[in-house]
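Labels run A, B, C, D and E following the written order; every chain starts at residue 1.
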Amino acid sequence: AGPAAAQAGPDKIRIGWAVAKTGPNAPGVATTVLPNYKLWVEEINAAGGIQLKSGKRVPVEVVEYDDRSSSEEAVRAIERLVTQDKVDFILPPWGTGTNLAVGPTFHKHGYPLLAATAVTDRAPDLVKRWPNAFFFLGTGHGYGEALVSYLEQERKAGKIGTKVAMMSVADGFGVDLGGAARKVLAKHGFELVYDKTYPVGTQDLSPMLNEIKGLAPDVFIAFSYPPDTLGITDQAKVIGFNPKVFYTGVGTQFPLYKNKFGANVDGVMSLGGIDADDPAVQAYFRRHKEVTGQEPDRFASPIVWVSLQMLQQAIERVGVDRAAVSKELASGTFDTILGQVKLVDRQWPKLWWVGQWQDGEFRGIAPTDRAGARPAVIPKPAWKP
Amino acid sequence: MNALPSPAAAGNSTGAGRLALQALAVAGLALLAALPWLGADDYLIAVGINILQYGVLATAWALFSGPTRYVSLATVAFFGIGAYTAAVFGETLPWPAVLAAALGVSLVLALIVGLATLRLSGVHFVIFTFGLAELVHQLVNWYEVNVTRTLGRYLFVDISQVQIYWQLLALLVAVLATGWAIRRSRLGLALQVIGDDEVVARHVGIDTTRAKLLLFAISAGFIGLAGAAMAPRWTYIDPAIAFNPVISFQVLIMALLGGANRLFGPLLGVLPVALLFELLSGSFPNHFMILLGLVFMAIVYFIPNGLFGLLERRRQRAGKEGGK
Amino acid sequence: MLEIAGLSVRYGKHLALDDVALKVGRGEIVVMLGANGAGKSSLLKAVGGMVKREPGASIRLAGTELAGLPAHRIVGAGLALVPEGRGVFGELTVRENLALGAFPHRGRAAEADNFERVQNLFPRLRERLDQAVRTMSGGEQQMVAVGRALMSAPAILLLDEPSLGLSPLMCKELFQALARIRDDGTGVLLVEQNARQSLAIGDRGYLLEGGRVVGSGSAAALGADPAVRAAYLGVAHGEAA
Amino acid sequence: MSAPLLKVTGLTKAFGGLVAVDKLGFEVAPGEVIGLVGPNGSGKTTAMNLISGALRADRGSIRLGDAELVGLRPDRIVRHGVARTFQLVRVLGSLSCADNVAAGLAFHPGGAFGAGARERIDALLARVGLGGREALPAGELTYIDQKRLELARALALAPRLLLLDEWLAGLNPTELREGIALIRSLRDEGLTMILVEHVMEAVHALCNRCVVMNAGVLLADGPTAEVLRNPEVVRAYLGEDVETDDLPPPHLPTGEAPTQLNLDAGGQHA
Amino acid sequence: MLIVDVLLAGFTLGGMYALIAMGLTLQYGVARIMNLSYGEVLVMSAFGTWFAVTRLDWNPVAVLLASLPLGYLASWLIYRVLMMPLVRRSGAGPALEVDSILATFGLLFLLQGVLLLAFGGNYYSYSYLSQPVDILGSQVAANRLVVLGFAAAIGLGLYLLLTRSRLGTAVRAVAVAPRFAPLVGIDVWRLSAIAFGIGGALVAGGGTLLSMFLPFSATMGVVFAMKALVVVIMGGVGNLLGCLVAGLMLGFAETLVARFVDPGLTLAVNFALFLLVLLLRPAGLFGRVAR
């Protein structure tokens, strides 16, 4: 193929992904990842394809695998996408562990890795090690610190006291976020009256909640996973545990959460958030619902979407040359539903660190200086029966 | 529960047939060894790694569970501990030392576990070993969270895929050689006797605890080594990844399918199951589970006694017809 | 009452029972003699439905054909089998084993009476009603097995070496009990190595050899036959009167 | 009498409230064959289990030569030279007959394994009448043959003391004669044995001395003929009317000719 | 009220564990099928309940009226159609264990695949009876009390039935010696199918009850199956009272440790307790069979 052919470009772009359709990671994929991938492909192909520099529109073609929630399967599936299917780009799997497991393989073959669902404190090191890797979901410390700084503000404003109870899931996520929060809480003079972890898969968290209620903290923080988040909220409601700040982990931002608890969600805080009044965001929500039949979550879903928008725009600008796309992703500025995005050290700088359910929507409240940030409702209204 | 059919029920292979099979196996191993030079790409190597990994695990599993009929679900405890040891020491110790450490840790764990478990039998042993693997998982988890305060370890070492492949291949050869040697030893007979009737075993002078413990440890050692060898493939290792119980089940299923009472039986199960998984998950990512389930059930209904049993019956029939 | 014809059993290639025909009448003890491996146990198991019969067999009990029935229905129809190796429920207690003996409907009506009868026959069982059978001595388990069979109020009792492991005293009592059972109208088909005692209480007998019936006659006649005496009674030719 | 090979004193074993063996004491001299008899459930098998280590005694002592056996595991006891068979046969059903015997040969000092064991295996199988069945899975043997195999396995242990638990039960007279001859030949070779038997014929034929148990306790101990005439033994164990040698035919219809008696014993199936 | 808190939490959690295990103990203990697809059936029932509750506006307790018989029917069919050929083939010998493990493993995949197709991998949940009930000053969710009540009623009821009635004795006879059961006129097939069916009804009922307060997803079956297995083995195979006691022990251990030691150790302590029980009583709390 000579330069002419290159000029004309390919007549299709092959996109691959290997995500957990089965196993313990499947709920995460089904909530946050796969609907976005489907929507993305759908929208591109509905428009006739990705418009390359030449003006030509090329449709995308998908090769997908199931990594069965296993790191080993994921690695092999990626190798298969690279060497057998020879796809042009690979969309990342779900979760920190899996993204890191496939990192070396992406790196070895020069594929950009847009890790939009990995939260790791090592992200700054990893981007150095893997020049094609991009991290969108921040570090555990980021969330922990932002939450505590926010609490510090509210305490200074006299809205809350110093007593904090914290529980976290005994897993990379819980440990990272809990560790960060612990440090910063101490620095700011908060009193940590309860600080314990629980194993993944614990089916009954009521003993912890009961104990915490007895300690009457001002602030309750749970760095929890979706099923636990639901259980914790349920139990808090049952025993009438009403701290001024009620913060739960992943799952709080899911539509499921609102469906289950209805009006009671108002005032519950968590990580992530969204500027729901932004028309671009609203349009995204609408399309997501139309195409996939489900609503996106209010934390990682929009970010996954942003990463996809960026990938698309990068391809539009530089074509299917993966090195060029990586370079463009690292240095370019992109127009997304969350506004103009430019990565810093190949990491996303402008996350919503803290969000809160308000008026039936999970809205970003910190960083407070970010456009669209809402003031938090504190204290959280008491649970209604 | 005597979950495994007796060796006699699995049929007796003729001397010539066995020789042919062994020759085939040796040829197969040689081919596998040459694979990286035959221009196999990363994916093929990855498939090879997968097959070898389960080959080592299933063969090592059957080393103990085949003759004694103690069906263990603790495979992943040793695999995980091996992987975890590699994750802990991988970046500080030279690789051979890492492997040695993994071996040592699995052996120690196997001895502790063995002493506690081996008086149980049947399904109680099965579930006990499952519980044990989970306990190890939970304890490692708790230790990491509360003592080291880092959950999830990063393992960046300079080991290529092909090197992993060769390590596993060497392990497989070692397991097979060990199994071969045990079969020909007093220990092998002792295990057969134990598998049949443990009371009798004691009454013919077999120190059953020692025999079982010894073999359990040998089996666990290989499994732990396999875990260590695999660890560099994942970069990030946390207890949930290392102690994924699916591995225990998969090993069990593969070995049972192939035939746990024969040295090459487990391998015979690994090959089709691994390839089947690969094929189905590649071609039908959304219907993988359904198809796999159907295929599995078909195997059970149409290929009783495992694949080895099938092969042997075929051969016996062919032998008879040829003789006429 | 029990009429068997054309009964064959095959284990793989080996024909263990070959076209056997025999009769057991009401209130009659029929003794089945045969060497080790002759097929006696196979015969009883085949009648009781515990092994597969070759097609063509007929097993009629009081005119009803049983050959097509599964084992559990055969018991219900009135044939109770005490198999070789006893077949007791080791994990259950003596009481439960006996209660299960009365599981078929025919056993229910007279359950209390039979329970009493069995305990009188084997007083040891009365002492041990709540012991798990697995933990009992060999002879005690044999008592449970026989007692359980009696609990179903069978029309025909099939006994495979019931005296095995019983003490001489118990053995005598068992045979006396069998005689009483016979006198109550039950038919008994008895396989016994203890030919002396069994022929002593038996009415008729058959000789089984290599899976075939090779002879039959009254108990007395069999007991008097020199060949039988030599082979099954341990009396050398010409030794006894 | 020379120093006893086996000396049991004060042996006691209870299951819950039931004392199955109660302060049992007896001795066995080298080369002696004793009968251990008693009613069902009198504790004979339990005593055997205690000697062979299958059960652990609550109290008492079992000395084999200079060694104390109480507290040892069965595999240790085997090495001291005690072998046994089981009341309910326990052959290794999935192994071949040869391997069953090989299992007996392989795990004790003075045993053999591999090619060196072949000859002894064949000899032992032949001795118990199972020559030619080396390759047959033991599970396919008849009950009687399984008993024979079990004896071969026990003999493979080259025991000083052999415990036989109702090994002769369930044999017909011919087989019984063979069995007795086999055990007699072992006795003649100087093997010490304890026979638990209900077959009095065998006890008479093989044992010069008998130990009688009843309800766990020792009832009598002495020369066989004497002991078996002991009124207490008769009442508890044998029943009043002792063996008559001939048939009392209660149902012999007088004068009736044997009906349809057509014996072709040893006929076409031989 | 610390004590009441702990008691309530222990009882309700233990009740849940017992509930999910009771079906399995019947299926494995009596019908001798080591049903690895057990958890999938449970989750299926949870999904069915979710559908009936959120789409058809049924009351979840009313769903029980449907899920119990449906569970029975489906399991009965599974036994007659899928398992019986295996049981026949093996003659209820050791090969049955292997075959049933392999076959139900296939069934596990099949059912989970169907669930994934129908519902995707998402979590599902709805709210029912999550009102607090005040007991001696402690609050507990009403749905958990319902579960506890059902577990206790079913466990005790079936236990009495099994130990006190002739039919129950027959069921246990099948459990301990299926080969000999026909000797006393027991139809092993029928009884096994019934036991498997009742087991299935219990799982289905358990799924319905569980869905009232636990979020679930199509891939979660294995978690429940494993928990159930642990409880079954710990209690003694085939023993319903054993399930109840073992479930409660685990529930209490978890609650006590979470409250007084470290919630991070709850699962570890659970497994440690399980292992300890087995070491002391190798056949489980109420088990008599050793091998």
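Criterion: a contact is a pair of C-beta atoms (placed from the backbone, for glycine too) under 8 Å apart; a residue touches a chain by one contact, two chains touch by 3 or more.
Just so we're on the same page, UniProt names per chain: B = Amino acid/amide ABC transporter membrane protein 2 (HAAT family); C = Amino acid/amide ABC transporter ATP-binding protein 2 (HAAT family); D = Amino acid/amide ABC transporter ATP-binding protein 1 (HAAT family); E = Amino acid/amide ABC transporter membrane protein 1 (HAAT family).
Keep in mind that this is a model prediction, so the values were computed, not measured.
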{"item": "Subunit D and subunit B - chains in contact with each", "value": "none"}
{"item": "Each chain counted as touching subunit B and subunit E at once", "value": "A"}
{"item": "Taking each chain's C-alpha mean as its centre, the one farthest from subunit C", "value": "A"}
{"item": "Chain centre separation (subunit A, subunit B; CA means) in Å", "value": "37"}
{"item": "Cα-centroid distance, subunit B relative to subunit C, in whole angstrom", "value": "50"}
{"item": "Length of the line joining the C-alpha centres of subunit A and subunit D, rounded to whole Å", "value": "76"}
{"item": "Averaged-CA centre spacing for the pair subunit D and subunit C, given as whole angstrom", "value": "26"}
{"item": "Where subunit A touches two or more other chains at once, by residue number", "value": "21-24, 170, 197, 199"}
{"item": "Contacts with 2+ other chains: residues of subunit B", "value": "6, 9, 138, 141-142, 145-146, 286, 288-289"}
{"item": "Pairs of chains satisfying the touch condition", "value": "A-B, A-E, B-D, B-E, C-D, C-E"}
{"item": "Contacting residues of subunit B [partner subunit E, same complex]", "value": "1-6, 9, 69, 116, 119-124, 127-128, 130-132, 134-135, 138-139, 141-142, 145-146, 245, 249, 252-253, 256-257, 286-297, 299-301, 304-305"}
{"item": "Touching residues on subunit D, where the partner in the complex is subunit C", "value": "15, 37-42, 44-46, 87-88, 142-145, 166, 169-177, 198, 200-201, 236-239, 241, 245-253, 256-265, 267-270"}
{"item": "Subunit C contact footprint on subunit E (complex, rising order)", "value": "166, 169-170, 172-173, 176-177, 179-188, 288-289"}
{"item": "Subunit A residues within the subunit E interface of the complex", "value": "20-24, 26-27, 29-31, 69, 167, 170, 196-199, 201-208, 210-211, 214, 226-227, 230-231, 234-235, 237-240, 251, 254, 256, 259-261, 294, 385"}
{"item": "Residues of subunit B that touch subunit A when the two form their complex", "value": "41-47, 49-50, 53, 138, 141-142, 144-146, 149-152, 154, 156, 230, 233-236, 238, 240-241, 244, 246, 281-282, 285-286, 288-289"}
